[in-house]
């Protein structure tokens, strides 16, 4: 249920409506729009009758939401969510937000070399895995906290933010000092306990779509994070599994405009995992921006042929530079700009 | 097998190499590149030894092609195919080629109204179904030849070309006087007898990807048409079937750069069938062009709510005009222009 | 609309109801159930008001059918369809109906050898392709009419029926003298003109599910054949396309009980195409029968390693014999028997 | 790498080969076959040269394993794994092992009523969720430890084992006193940290296939559990996500014989989640057993219409009884029996 307070509603009226709903056993999430206040009412308790709520002082309109996601629904923040980060970066506004870096952090030399290259090309955030989810128990599993330290140092040196993947609840505390954005990988999109734990963190979460997750399931994953009070969720389309053998995954570019219709959350695209092949990253990156994506997550490696993971889909630094140059031309065509 | 003749090879040498191969029971397809002549050698007979062919006078290089498609392979025409049509339209070059019109031809008023609108907006070709493949035998099956006449008249009135779907061999003769491009629908992409019949026609064929066809199967469908001598094939990505229920189909935008790597044939995108919903057509059309598509096939109806087929995915004329306006900005970003 | 005549309705009353509906522009299909007559009313004309039809003499009950398939719907023949063929074979009753033979007819020696083996093992019908739909134009395309003659001779020699694939309308006349069942392949399941032509034939049609066709689309394909008056349609589940790379196709065994709930038509399974690997044919054949299939279509070759098509999925004759032996034990567990 | 010791190899020789390999930084897993001992050699360190190992005293044969799963591979235990549980139940042998019960534990009355019914019908193990992974944060999330206590009491009363789902590492300790088998749900099949934690537990793990996981990925999940020393893994096919809308999931029955070819681990089927509809559970259960499954996991509820989760796919107790009765006839046809 979304309660739309009148423009002239007083703070006291808003408080009283909130209390009324909390007393019914519900959670109330408050969203300040430009002109009025919206209250998102969620929870497992039975919702009160719409007419009862409409009768409360200061209430303008009351709408029930039929979709299963409530706080993630467009109606909760019709103007769209913009996430602001410490170096002035804004995700979800006019800027195209670019995150780039290696699949895994492998060494100081590697991460500094890549960080310098992607910063120079125009990225605002350094990506890199310290804890790696690998299909085989015998594959390289990441450097752990040492990798996080290297990421942070390299990012600070070149004026970048840091995004890195969290795989389990116990890693959250370890990661917080080092990262600006916590990434949930596609294999964990429905690890509901992890999502719930992240709902109590005060840092943005980048939630990647599961390889066979529907768009509704992705938004329900975001709902888990928001239900605990963390509204800073960035969604990520990274390719789904289909019958087509020519690609590692099939990028569902249409998910971008569909998410924009259903939700207020920003959505970025990961054309590296989405295609699995560096030669296809640039056209798919352009396609994602042309379809309305708020940003990109791109794998770049100083020496892809020797990468410990995801080499074939990692771009060379000069390929990445040329990709960003191309985006500077495409972005204005959809009303966007690159920082 | 691709035989690359030397730049200095004489016409007589080319003829002699051709005869040598024909005498082995093979078909030889000749392709004149800017600087030299290529011979595509195909057929069910056993290919001769590469070294024997390399020894013939005038032969530069001989490559065997491991993919199952030969004439459709990039190597057969590395510079790419450009199809030229009578009103100066070129498909596969720098121009973005736009085909638009109603799903089905329903009446003179409808087709003239839509033709005028799409011509004014910037389309070069009028689309419209006269023979309709419908899942149910009780649905509207099209106006047949009367529909073709209406299409031709409306197109001529507004300076457009005509593309329309052929469903069976017997319709080819009926359609030829009315259409400039023969469309093969996705349900018939593997109707091999129809493809073979179209290989003897001297008009371009627009071959739509089957709903569960791999990219290789699409190129093999083109190969059937080319094997009989008709090289003017335009491929079309129109969405594949996946688990995602939010869309009618999932547009496989990555198929566009992949086809560009594997083949010399032009490829267009159909965002109307690809999404099944008019509100998603514009972002997906932009994405397709940004990913390198040579053109678009778009459903437009003067009154979508009363359309006899595909109403929900047909754009209003003013939506289409706005779509084309947007493409005029995106196209230059990928080195393309709109006529 | 299904009109259920009273048990005591006279022939004259049935005729009058039929005429009433035909005069409204509709087609009436008559089905004689054990105790009463059902009239299936279909067509593109608007259906009359249910209450008007209920008022006609002899009419018991009138039901509208909301599904898109009407004649193929369970309600049209609640007791199930049984197709009887000339050698006493019944498809859709208690017997498990087994069709077996090579993918393609290759030579007299091959087809006689396989026919003898499958007849001895317990098959009632010989399968074999004379016209072959091949993805590549350079693959073996079948022996044509000569292949049909060989099939017929071999089948007659060993007391078998013949099923073979028809790929286009022009082949129907050629095939009729040689075959007992006309097979429509999965690539042609939505070749609506071919289905319509087969609706005027008086021989059973085996309709294979398209590789990405939904169960509803399969039943709509059957509806095309029935709408023209040919009610003898046998459906065939043969695997669908999914993301799983370990198999050529994923057999959708659940389609069997679902078809049994929605339709009165018999359904068989093709575990050879369904798995693409001979070692998996036997367990999937058992699974299909255990799930309620009315029969099987199995590829058997006397020398699979030298087969011109589908070698890896063709069983050796002794494997097939062992498969049938196993089915003789499984069938009674689901109330079925093998002839 | 699999090292096959000679039949006559002494315990000392086996120990020396193990030490040799451990000193190279590898893990050695020992498997006692009927006639000889196999050593499975795994780890991230480089494998030694095959010829060096072959030269060690007592070594018969050395094979490298090309698949990514090693301990889960057929070659590691060619005779197949049989898991023995405390009430004499054996999983993976001739017996068909049936687990049944409600989706969620809801109340004492419910769980005792269902336990009694399924025990009487022939189940050996009670299933029931205490911790529930739900797509929406607002759905019923399970009774937690109280649910586990109820399960245990009901199971003990009626002579059943208990299987229940573990969602996160922290729940393992809580669950161990109550359950005989720990279930990992399909959403957690690639929660590698959870799998690793379960590798140190000494209770069998039931690993459900992810909704879009390939068979290889399922076996790699098992490998994570085995790599830590827990060899008692039971795989479970529960349906995959495809384009077909008529079912919640498409049961991939062919996965059963494929797993049997690739691995020594037992595999069961879950026709309740596999179909999402109680009327299709019985035919699919029969199909799974006919294809070679070692057991079943079935949802049964005393009052499905009031179930807090998965009502539509839960069987009525009498339907379940009739299902098991049917299996008593099918099982012997594939060399199996019901306890």
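In this document, chain identifiers A, B, C and D correspond to the written order of the chains, with residue numbering beginning at 1 in each.
As a convention for this text, a residue touches a chain if its C-beta (ideal position, glycine included) is under 8 Å from a C-beta of that chain, and two chains touch if they have at least 3 such contacts.
From a predicted model like this one, the values you see are computed outputs, not experimental measurements.
Each step here moves to a touching chain, and the least such steps from chain A to chain D number 1.
Across the assembly, the mean Cα position most removed from that of chain D is the one of B. Our note on geometry: chain A versus chain C, Cα centroid distance of 50 Å, whole angstroms. Averaged C-alpha coordinates give centres for chain B and chain C that are 35 Å from one another. Among the residues of chain C, those touching two or more other chains are numbered 212, 241-243, 245. Chain A meets chain D in the complex at residues 42-44, 68-70, 133-140, 167-170, 187-188, 190-194, 196, 210-212, 217, 220, 223-224, 227, 241. Only residues 212, 214-216, 240, 242-247, 250-258, 261, 274-275, 279-280, 283-284, 286-292, 326, 329-330, 332-334 of chain B touch chain A when the two sit together in their complex. Those residues of chain B lying in contact with chain D across their complex are 212, 241-243, 245.
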